[in-house]
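Worksheet for the structure shown next.
Letters A, B, C, D, E and F mark the chains in the order given here, with residues in each chain numbered from 1 onward.
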Amino acid sequence: MNMNKDKRLKLGLPKGSLQEATLKLFRKAGYYVSVSSRSYYPVFDDEEIHSMLIRAQEMARYVEDGHLDCGLTGKDWILEQNADVVEVAELIYGKGGFSPVKWVIAVPMDSKIKRVEDLEGKRIATELVGFTKRYLKSKGVKAEVDFSWGATEVKPPHLADAIVELTETGASLRANNLRIVETIIESTTRFIANKKAWQDKWKRQKMKNIAMLLQGALTAEAKVGLKMNVPEKSFKRVLNLLSAMHSPTVSPLSDTGWYAVEVITDEKMVRDLIPKLKSIGASGIVEYPLNKVIP
Amino acid sequence: MNMNKDKRLKLGLPKGSLQEATLKLFRKAGYYVSVSSRSYYPVFDDEEIHSMLIRAQEMARYVEDGHLDCGLTGKDWILEQNADVVEVAELIYGKGGFSPVKWVIAVPMDSKIKRVEDLEGKRIATELVGFTKRYLKSKGVKAEVDFSWGATEVKPPHLADAIVELTETGASLRANNLRIVETIIESTTRFIANKKAWQDKWKRQKMKNIAMLLQGALTAEAKVGLKMNVPEKSFKRVLNLLSAMHSPTVSPLSDTGWYAVEVITDEKMVRDLIPKLKSIGASGIVEYPLNKVIP
Amino acid sequence: MNMNKDKRLKLGLPKGSLQEATLKLFRKAGYYVSVSSRSYYPVFDDEEIHSMLIRAQEMARYVEDGHLDCGLTGKDWILEQNADVVEVAELIYGKGGFSPVKWVIAVPMDSKIKRVEDLEGKRIATELVGFTKRYLKSKGVKAEVDFSWGATEVKPPHLADAIVELTETGASLRANNLRIVETIIESTTRFIANKKAWQDKWKRQKMKNIAMLLQGALTAEAKVGLKMNVPEKSFKRVLNLLSAMHSPTVSPLSDTGWYAVEVITDEKMVRDLIPKLKSIGASGIVEYPLNKVIP
Amino acid sequence: MNMNKDKRLKLGLPKGSLQEATLKLFRKAGYYVSVSSRSYYPVFDDEEIHSMLIRAQEMARYVEDGHLDCGLTGKDWILEQNADVVEVAELIYGKGGFSPVKWVIAVPMDSKIKRVEDLEGKRIATELVGFTKRYLKSKGVKAEVDFSWGATEVKPPHLADAIVELTETGASLRANNLRIVETIIESTTRFIANKKAWQDKWKRQKMKNIAMLLQGALTAEAKVGLKMNVPEKSFKRVLNLLSAMHSPTVSPLSDTGWYAVEVITDEKMVRDLIPKLKSIGASGIVEYPLNKVIP
Amino acid sequence: MNMNKDKRLKLGLPKGSLQEATLKLFRKAGYYVSVSSRSYYPVFDDEEIHSMLIRAQEMARYVEDGHLDCGLTGKDWILEQNADVVEVAELIYGKGGFSPVKWVIAVPMDSKIKRVEDLEGKRIATELVGFTKRYLKSKGVKAEVDFSWGATEVKPPHLADAIVELTETGASLRANNLRIVETIIESTTRFIANKKAWQDKWKRQKMKNIAMLLQGALTAEAKVGLKMNVPEKSFKRVLNLLSAMHSPTVSPLSDTGWYAVEVITDEKMVRDLIPKLKSIGASGIVEYPLNKVIP
Amino acid sequence: MNMNKDKRLKLGLPKGSLQEATLKLFRKAGYYVSVSSRSYYPVFDDEEIHSMLIRAQEMARYVEDGHLDCGLTGKDWILEQNADVVEVAELIYGKGGFSPVKWVIAVPMDSKIKRVEDLEGKRIATELVGFTKRYLKSKGVKAEVDFSWGATEVKPPHLADAIVELTETGASLRANNLRIVETIIESTTRFIANKKAWQDKWKRQKMKNIAMLLQGALTAEAKVGLKMNVPEKSFKRVLNLLSAMHSPTVSPLSDTGWYAVEVITDEKMVRDLIPKLKSIGASGIVEYPLNKVIP
């Protein structure tokens, strides 16, 4: 990977749990990315993009110091690294779906620790040592924070008094008989840029375009297109219903007295919208999938 | 699952072979349903729906007695339970595809049994004991009908003279050297409702809406959208061809003398339609996929 | 399979590495093809098509001698068989993707063989014996060409001086320390027809239709639909941008001063097109997937 | 399967969860049994044995009425069928290991049902309808017992007040928030015989031999062989230690003053035995695996 | 792989369907062989052995011409290649088990071909072109024999009149509605040597040793050890029973009047032997597994 | 897990790559250990052992500070933690086999770094930060050592000048074009004890017994038993051959003039031993597997 030439954007992709979802997102955004099994340098079909797989935990560090122009990683690891970078876009997706992940302080079900303050003098195990220390300091709490190499949930009560751990459904915490004291970060994926790279006009435009396409692809996951035919007499009511939230496209049909109406709408709303549309006279309602939606 | 509050629809989902296909269908209809691995209570993103996984065999019983407001199960098991329920909709889908399943009377290839009447005095093994007994009675045939816990095909000739068994391709029957005497049910999936729940205005509307969306999603599996450009001189012939079966949407294009024509059509017809359209002057023909089609 | 009746097209499908991709392509083209696990006769939902699975290596032979009316196979095996057939269409798809495969002459990294001429008097192992012999003859080179049953890459230097072998990424060659001397064929999939069958009016039309649908499905893999709203003031610039390569469909919207513009475009161009469209005033840009595109 | 000739033993093998473990056990006992994927007639390399796969639930019925001479099934299903058969041997093995399974009465954690007596007037769902009814009757309790097609654990509290269900670790009950009221059967696998077949001298001997070999193979799972060298001075103590539970085989070695001692012992005891033997002077201790142990 | 030094044995291992079984056999014989995924040169922990993976079809050719000193392949491919090699040992094992494979002439069920003679003037498809031609010639039959690239069973009746094909259970032939006319080879695996290498004293001894160990490992698959205690009064009868087929090892036990008796016997006989031994007074019968048996 | 009572040994088992191999080893040593999928507390069938799954990286820390009495982990992580613990036994086994793993300093193939000294002033990425720093200090080298969260091999040359990384076959290093400068640790698994626990008489004996059984099981992996019959005339030569390395057990057979000879030997030697034994007159040679060998 020659990283020195002009018009080259050095992009870090998160290796590990986010990797597959990230490559799929780039694919939807319009990039073919080929990853050979033993290489850490995915090849884009855009020669201006030079990419590298990096662990999410380290991404912000390498973007901050300029080894990379930009990259995708979680807000949690940006905070852990305390990195000074530009957040170009928030991209709400993850390994398992489209909601944020949480880091929580957890303790054994029967622990006396009820609030952050009760952690004074205690031992805490976590993978997120840096942020946890700063967080406790900001609350005026002194505690020992140890790096945990994994299996953090098993540590209380024998090996730690509390943990700071990632949770999605809470199932793993419950299985280990732990109780959540407090959520300390809700984290989503971010597209971040090096500060100097952001000053470069060509790079900034390139990054903005990539962000726009990634956002467009993500947005489309939750949207659908809806077409229908509406007779003259229902036209007003249908338009009123749709116009509240969307900008319907209307074309009069050759058949006298009918209109073709089309909207882009949230997929989640369709199940309520269709019965209503039907009941006020729309017919021939058709829903179709989308690849990208850019407002 | 609190099943007592107002505006709650208690919905039974079939556990087992239909489960995955059913959840996929609800997903296409617009519902996010999360099923955790050990729970029998799938959670809908619609708080008014309270669902439960129930074996298809028992569904009709629990809908009939009101433990559930509605549910999805096969016509076969409704008949087996002899249940008095409302059939809201027929939904032609199944584990393996989109065709009905059949229950057949089968006997060994070299059996003397040729017609239902020949079963007089014989032993029949089946999982569908209730319906089989009623069916034979209606034909004036007396026979012993035993419940079979499975592996029914292996029973003739040693353990039974005939069986009543589910078949899709007949492959399993052939492999066991069995011959079909008669088909006694062709069964498809039904959306059924409790009679009292059906009287409740709110519940009925809710069930009708769900049925409409499920139907819309199923219909879309077999449909596609077709767009094309048609020059003035071909316009009439194209319209004649399409109007026979569809309601094309026509918009004159800004380019003088061209029309944009769009139809929703059966996917199966497209392979014949496209060469014809092409041959009579249509161009720029584009086929696109659909999520839902509601007439 | 009755192959004698009127209006029956005998079609060979390639068994093996191309099989799955081929069946998927026919599915996209509009045919349901069911393949039971032990049968070599896939059943089309079009009764006029009688298909058979045949190894790609032998396809051209059976199409040439009329056992089949038509079939799909690689250009490489048509050349190997030296078969006299009609090439109805080139279909650029394969097991792993959409690029041609190559047959190369390869030798050990430190071999003295640098050019085809250096093969004089050497032993060459290959699965492509016929074509290799003719190729060398055309170059005036005399060498021993042995049929290789597989594991061809392992043969140099102990069991052969050079090989002629299929390669996609070159990874297998590198792993065996081999160097490419020359590419002798670049091969893609072809839809071929028997010469006599091609003279039959009904068969030719049928084959042309199938080819059109297969091409339409393949083309759609690389295309998307794009819709957008364009205000009066941007209209000209947007149209200029799009008209260079496409035929946009334009409909004036009911909202005064806006136009709905729609184009079919290469999916690869979208990532450049969208930022440009956005920057010159288009909004509400929506990309949607396509099943077939027939120009 | 010709089941009529002389010197043929008709043997039922349990289809389903016990199937694999059963076939493995017969393999260890010395029989090669080949099961082709679609056939229900496993073929033994002993022509006198004619076997058939039958669901464990139905086995006792078919053994009782003489369709089979003998078979393997659980004690639970023998009781459910209330079958009058000979129990030739108890074979303690199962799908997941070597301990008995239990059928328990279970109720919701917060149910008022504490004892069997509290079931008076309640609805109970179970797959084990026959035995449950007889059990309750023997306790003087009247309750409704419904056949459950599966997913029994999900039924309380909405669809049943209590269940009678199979449990191994109790994990599934806990996951459904159920509490055990009472265990009503502890069941192990039995080798059962038809009463008449048992009177037949040849068949009885054949069945006894099979039972001996199956038992021998099962016993060997929990046993190992142990060899060691013991010097004169330790001989008495070693012999005392071993003789308490085993019958050691002793051979004086050619080396003056040493003995070779060998015992068959429980594999579970070895971890205590070896350190003791070592400490009292045994050396060259070797443990080896066994295939069969017949006392 | 340096194949030129002294005291190096060049050994060919069959790549493909026999590969895994062959490596397992060498492992049992006492060799650790490591095969890295992309290399064709398995590494033995015996530096004198240099091995190479070669397709079974080509093995005999390379052994005959001295590129390899020895190798393992099927009798069928030795005959196909018509190779002049030394057969050091027959090793009865294969991909699926321990029985020979067969090459048969097969024709459609309703073909008029009943005997080899009926093939006169017919077209035959096979992978075994060379041997088939010689076989037919020896029978005085003239027929066209075409090389088949696979899927040979599908060819009759449309693409061939008969085939010569490998069969194990005949299932594939039946599935294609083919009937066996005659078996032309029964083939097992052979350990073959180059004639010149066989003259080399060191190489011959090395090959003989390898063959002995492979045979010893194969033999052990079908054998077990049996130990028992026999009281004085039973001693003669037990010895008579065992001595008929084996050479029992007898040691008098310290316990007065008992003997320890041990034999190596065929695993298949044990199920008959144990009940007999038990019935004539042996006790404490123990069966144990073996790794190698060399007579 | 109650960790406070008397006669309880708190044992740490390595979670992750060593976990499966460790549990298998304990199984062979004679312990049944059940691990339920979500729990970190494997249950031993020995009530005196209380075990916990801990990452190998952290094991030494928790054994050193007395949270655990003992545990299994790699020498590498004991050194990384710089932990003051007792090494009870070295156990040569690992995820993939039975050889030590290595940590090496690696640099890009074309780097100017040739010796450890050349690392002066460079950046090194590694998971083994503590040991690497101490190692460099001992060599008088100053360098920046950064913690790497994984994907360490990808870092040179862009993100690091050198790495310290675990390697088994070197394949991953080669794939990333890295060259080994030096091996800094060869590491095997160790059974370690807390210093205070080691002073406790009961605990020390318990740990010694466990170590003896684990060692016995590991030793048995590489050993086999060998039995043979030797005639009078060969007796001396056979005994000379065997006695050099083993202590054969000899029993005169009842058959006049024959001896039964038995040895435990390295499995790797058997392939040389058997041909020799055979050539000097031994016969009926049988090799059998072992579970444990304690000298």
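What we mean here is this: a residue touches a chain if its C-beta (ideal position, glycine included) is under 8 Å from a C-beta of that chain, and two chains touch if they have at least 3 such contacts.
Quick caveat: nothing in here was measured; it's all calculated off a predicted structure.
Graph distance from chain D to chain F, where chains that touch are one step apart, equals 1. Chain centres here are Cα means. That of chain C falls 43 Å from that of chain E. Taking each chain's centre as the average of its CA atoms, chain A and chain E sit 58 Å apart. Shared interface positions of chain C, defined as residues touching 2 or more other chains, are 251, 288-289.
All chain pairs in contact, by the document's touch criterion: A-B, A-C, A-F, B-C, B-D, C-E, D-E, D-F, E-F.
Per the touch definition, chain D reaches chain B in the complex via residues 1, 3, 15-16, 38-41, 52-55, 57-58, 62, 67, 148-151, 153-154, 158-159, 172, 175-176. Listed in rising order, the residues of chain C touching chain B in the complex are 29-32, 36, 45-46, 208-209, 212-213, 216, 220, 225, 247, 249-252, 264, 288-295. On the side of chain F, the complex with chain E involves touching residues 169, 171, 224, 229, 251, 253-255, 260, 267-268, 270-271, 274-275, 278, 283-289.
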